[in-house]
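Should a chain be cited, it is by its letter among A, B, C and D, assigned in written order, with residues numbered from 1 in that chain.
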Amino acid sequence: MWLRTSCSLTFDIAVPTPFILMLRPRSGAQQWIAREEYKLSPSIPVYEFTDIYGNLCQRLVAPPGTFAVDTIADVMTSDHTDQAPGGPFVEVQNLPDAVLSYLLPSRYCESEQFGQMATEITSGQMAGYDQVSAITAWLRDNIEFLPGSSGTPLSAVDVNARQHGVCRDLSHLGIALCRSLSIPARLVVGYPYGLEPMDLHAWFEAYVGGRWYTFDATQAVPAGGYVAIGYGRDAADVAVYNQFGPPVYPVSQTIQVQHIESPNPE
Amino acid sequence: MWLRTSCSLTFDIAVPTPFILMLRPRSGAQQWIAREEYKLSPSIPVYEFTDIYGNLCQRLVAPPGTFAVDTIADVMTSDHTDQAPGGPFVEVQNLPDAVLSYLLPSRYCESEQFGQMATEITSGQMAGYDQVSAITAWLRDNIEFLPGSSGTPLSAVDVNARQHGVCRDLSHLGIALCRSLSIPARLVVGYPYGLEPMDLHAWFEAYVGGRWYTFDATQAVPAGGYVAIGYGRDAADVAVYNQFGPPVYPVSQTIQVQHIESPNPE
Amino acid sequence: MWLRTSCSLTFDIAVPTPFILMLRPRSGAQQWIAREEYKLSPSIPVYEFTDIYGNLCQRLVAPPGTFAVDTIADVMTSDHTDQAPGGPFVEVQNLPDAVLSYLLPSRYCESEQFGQMATEITSGQMAGYDQVSAITAWLRDNIEFLPGSSGTPLSAVDVNARQHGVCRDLSHLGIALCRSLSIPARLVVGYPYGLEPMDLHAWFEAYVGGRWYTFDATQAVPAGGYVAIGYGRDAADVAVYNQFGPPVYPVSQTIQVQHIESPNPE
Amino acid sequence: MWLRTSCSLTFDIAVPTPFILMLRPRSGAQQWIAREEYKLSPSIPVYEFTDIYGNLCQRLVAPPGTFAVDTIADVMTSDHTDQAPGGPFVEVQNLPDAVLSYLLPSRYCESEQFGQMATEITSGQMAGYDQVSAITAWLRDNIEFLPGSSGTPLSAVDVNARQHGVCRDLSHLGIALCRSLSIPARLVVGYPYGLEPMDLHAWFEAYVGGRWYTFDATQAVPAGGYVAIGYGRDAADVAVYNQFGPPVYPVSQTIQVQHIESPNPE
C-alpha cells in the first residue's frame, strides 16, 4: 500500500544548538520511498551521513528562534507483515557478521538478566520464530501497553518491573528476551498505519529463519503498513533527534500517516 | 542557489532485465536535497543500497515492455565553486585512509603512464591546488571539449591520443594526471546548471589542502550550480545505470536543470 | 618500547559452544604488532571478521572437552601517553561522523544522567582536554580502585553509587561524565605494562583537540606501555570473549606483559 | 594443511618514500593465521588500515638507505580447492550488495569487450560454475602461462592479443570473461604451495552457487594450499606494495612456502 507520512517538529531555540536528526526513511528491502520533502525553517546548511546501522542522519546547528522541521514521504510498504511459523533458529556460528552486534546487551536491553525468564516464556516452543512469537504474545498478555506512560525510554528491566510501558518500552523487553536466547533482535522506529492516537511508533525485529521478521507487541493481530525510519540496538541508537547542549524540547510535534492511492497525484 | 533537477529515462525491455540505477542524489557536505521524487512506470519493487563509494544505488528488475524512470530533486547547492590557490599538496602518509584508493590507476585513468606529462604540465607550480589548476587549464587549452563525440567512455590514454572528448573523457585525463603526481582525484557525475545542450555532466575533484575541490575543464571560468549524483574512481564506478543481460538502450533520455526560488512552492 | 603480551584461557566445554573472541590486537596509529601467535587447542576452524568498531573478532565453535586459547603478541607501543593540556573541545557539529556514536548513552554509560555532576566536577576548567583531566582526577580521588571487586561490569550509575570498582567500572563512569558534556568517549580494553597483579586492563579515550587521547583513572601519573585489544562504547562491546548457550567460565586465565628488547630474538 | 609462508623485500631508498604494503594475510573463511611476524629494518612507525576490499594494508614512510621488509606467517589452509560442478548462476538481482562491484569493468579487466567471446567459450555449458570451468579450461588451452613474461600487469585485452602472460594476466582475462556473463569475479594475490619457481601467485575467484569459488588457469588439476594475501577487482587493487614518489624497485625479493607439521614447534 502507498502511505504518506509526515512529521512536523517545532523548537524554540535559545542558543545555537547542534542536532542529529533521523527523519529521512530510506528505501530498503521492505519499503520504497517514491517522494519525499525535508523542509527546514529557517533554511540552514545540513549535512547527511550514514550511521553504523545504515540509517540516514542529518547534522545541523539550529539557530536561535523558532526552528521547524517538516518532512513528508510517500512510501510503498507491504499490506501485511511477513510471518514464518516454524522458521528455524539460526545457530550463532551461522549468523552473518553484521547481525552479531544485535546479540549483545545494550543500553535499554539488559539481555544478560533475562535468560531464565525467556526460557520459561518459550517453554515448549520450537527454537526460532515460534519462540519470538511466544515472547510477543507474552508481552501482549502481561505488559500493559500504555501510550504516553513514559517520557524517557524504559529499559527491559524497568518495564518488566512496572508491567506497563509505551511501544518502545515493550519492544525493549521483547528484544532483551530474544537476545537472552541467542536470537538477534533490534529496535525499529517509524510510522505505523492506523495507530490511534497517531504518533511515532516503535516495534522490533528478530533474526530467525535466515532473515529479519517484524514483531509488534502492541498489536493484537499482525498488521501491515509499517514505515521504518531507523534501526538500532535500542532507543539509544534510534532517536528521531539527538540534541546537544542545554536541553531543548519540541513545542509542537505532529505526526500523520494517511493512505494514498499513488505518490504522484496530478 | 536552489535547483530543480530532473532525469527521465525510457527503455523498451524485451526480457526481464536487472538494473542498478544511480539516480538519487544524496545530501552531503556540498548539497542538500529538500525534495525529491523517484517514479517507476510500471511501479515495481526496488531495493536501495549504499555502494563502496557512498552512493545510493537502486536495484530492480525491469519487466518486459516500456519501462520509465522519472526522478526530480530540489537541491540547495553553492552559487560558486570553492577555490584555494596555494592549497598545499597533502603528503601520501598524511592522507586519510578513505582517500587512498583514489591514488591508484583505474579502468579509465591509467595514471601510471602519465608521470612525465604531468610533471611537464605543472612545471613551476606549487605542489597541490596550483598543480591541479594547471592541469585543468592545460586540458581546456589542449583537449577539445566536443559534446556527443564519444558514446562509451574514453580512457585517459585514449582521450590524450584523440585530443578531444566529452566532459567525462576530459575528466579521466585530468584525474590520471593528478594521480600520477600522488594527488587523489575522483570522478563526479551529476547535473550542471546552465550547460547547453542540457545533459548529464561529469567533472572531477582533487584532494588538496585537506579536502576535495571541484575542477571542471569544460568551463572557462569556475562556475557554481553543481549537483552531484555519484562519486567514483572513474566512469566505470559511476554509471547512471548499469544493466545486465542483453543490451538495452534508452529510447529517450531527458535531463533538465532549472533555477527555482524555493523547493516548496504553495 | 617493545612489549610481549600473552593471554592464555582454558575452558571446560560441555556442549559445542559458539564463541566470539577479541584477542588479536591490531596495528594502528598507536601500536604496531611485529609478531603474534594465536593457538587453539584442539586446533579447530576459526573465521575472523572486523566488527563495527574496527576490532578483529574470531568466531569459532568450541568442542566438548578442554579448550585452550593461547595468544602472544610482540608490540611496539609508546613509552608515554600523549597529553594535551588546553586541547580544545570540538563542537558537535565539527566532529567526524565516525565519532558521533561515542556521544550517546550506552549499556554501561548512562550519560543522560550525569550532566549536572559533570558540570560541577569540571567547574572552572577550559572546555576540552582539561575537563577530561578534571574528571579523571576526580575519579582517582573519589572512586576507589578495587581490583577484583566486581565480576560483571558495573554501569556508571552503579559505580557512582558504590564508590568503588575495577578499572573497567571507573572507566564507565569517566565515559558517562565526558559524554554528558558532549565529549565523545570510548572504552579500551587491553594490556597494561607494569600493573600489579597482572590482568587485562581497561581505560578510556576522549576525543578532544581533534583526536583521541588516553585517560586512566587507576594511575596516579600518566604512564605509557598500553597495548589495545579492542575499542567500543563500553564493556558490552569489548568483551575479550562472548560465549553463547549455557554459561561457560574459564578454568584458568593467565595474562602476562613483559618488556622485551626486540621482537625478533635469534 | 599447515604452510609457512615468507616474503622478504629489500629496497634501496634515495628519498623518504611513502609505501602502502599489503603483506599481512588475514584470517578468513578459507584460512587461519596461527602465527605471523612482520619485521621492518630499520624499525619505523607503521599504521595499518582496512581497505574497501577488506584487506589489511600497512602505511609507512621508508627512510633513505637500505629498507627491508620480512614477513612470515604460519597458515592453516585447505588441502584441496572446493569444486561445485553444476553450481548455479546467481541472477544479478539476487547477488549480495557487496558482490556487485565485482561485476563491473575495471582497470585490467575490460569486461564490456568480451561478451561474445565468453558466450562462445561457454557454449553448451550450464550457467554458473560450469561456465567458469569452461573459461578456465579455455585459458589453459589457449593462453600460454609464461612466468616472468610481463613485468607490469597486462589487461584482459592485452593478454588476449599476446596469447601468453603470467598468472596475474591469465586471471585478468578469466575475470573479464566471467563478468561479461554477469558472473562476479575478483583477483586474489597470495602464496601457492608447490609452485616452481616459487613466487607470489595470482588466481581468481568467481561467485556462483551462492559463494566464491577458486579458479586457477595455471594448474592442470585443481590443487590446494592457497594462502590469500589480498582481494580486489584486479591487479590495480591488489599490489603487494604501492610506492609513491620517484620509482623504487626491490633489490631483492624472496618468497618461500613450505609445508610444516604445526605452527608452534618447541
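Please note the rule applied: a contact is a pair of C-beta atoms (placed from the backbone, for glycine too) under 8 Å apart; a residue touches a chain by one contact, two chains touch by 3 or more.
The model shown is predicted, which means the values in this text are computed figures rather than measured ones.
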Problem set entry | Length of the shortest touching-chain route, subunit B through to subunit D | 1
For this session: Please decide if copies subunit C and subunit D contact each other with the same set of residue positions, more than half shared, or with different positions, and reply same or different.
Result: same
Seminar exercise, completed: Greatest centre-to-centre gap (Cα means) from subunit D is with chain A
Seminar exercise, completed: For the pair subunit B and subunit C, the C-alpha centroid-to-centroid distance in angstrom is 43
For this session: Using mean C-alpha positions as chain centres, tell me how far subunit C is from subunit D in Å, no decimals.
Result: 36
For this session: Could you put a whole-Å number on the gap between the CA centroids of subunit A and subunit C?
Result: 30
Problem set entry | Where subunit A touches two or more other chains, by residue | none
Exercise. Looking at which chains touch, is this a line, ring, star, complete or other?
Worked result: ring
For this session: Can you identify all of the chain pairs that touch?
Result: A-B, A-C, B-D, C-D
Exercise. Which part of subunit B faces subunit A closely enough to touch in the complex?
Worked result: 26-29, 32-39, 43, 45-48, 50, 54, 58, 76, 263-264
Exercise. Okay, in this complex, where on subunit B does subunit D touch?
Worked result: 18, 20, 49, 51-52, 57, 59-61, 91-93, 97, 100-101, 103-107, 110, 112, 152, 182, 236-237, 242, 244-245
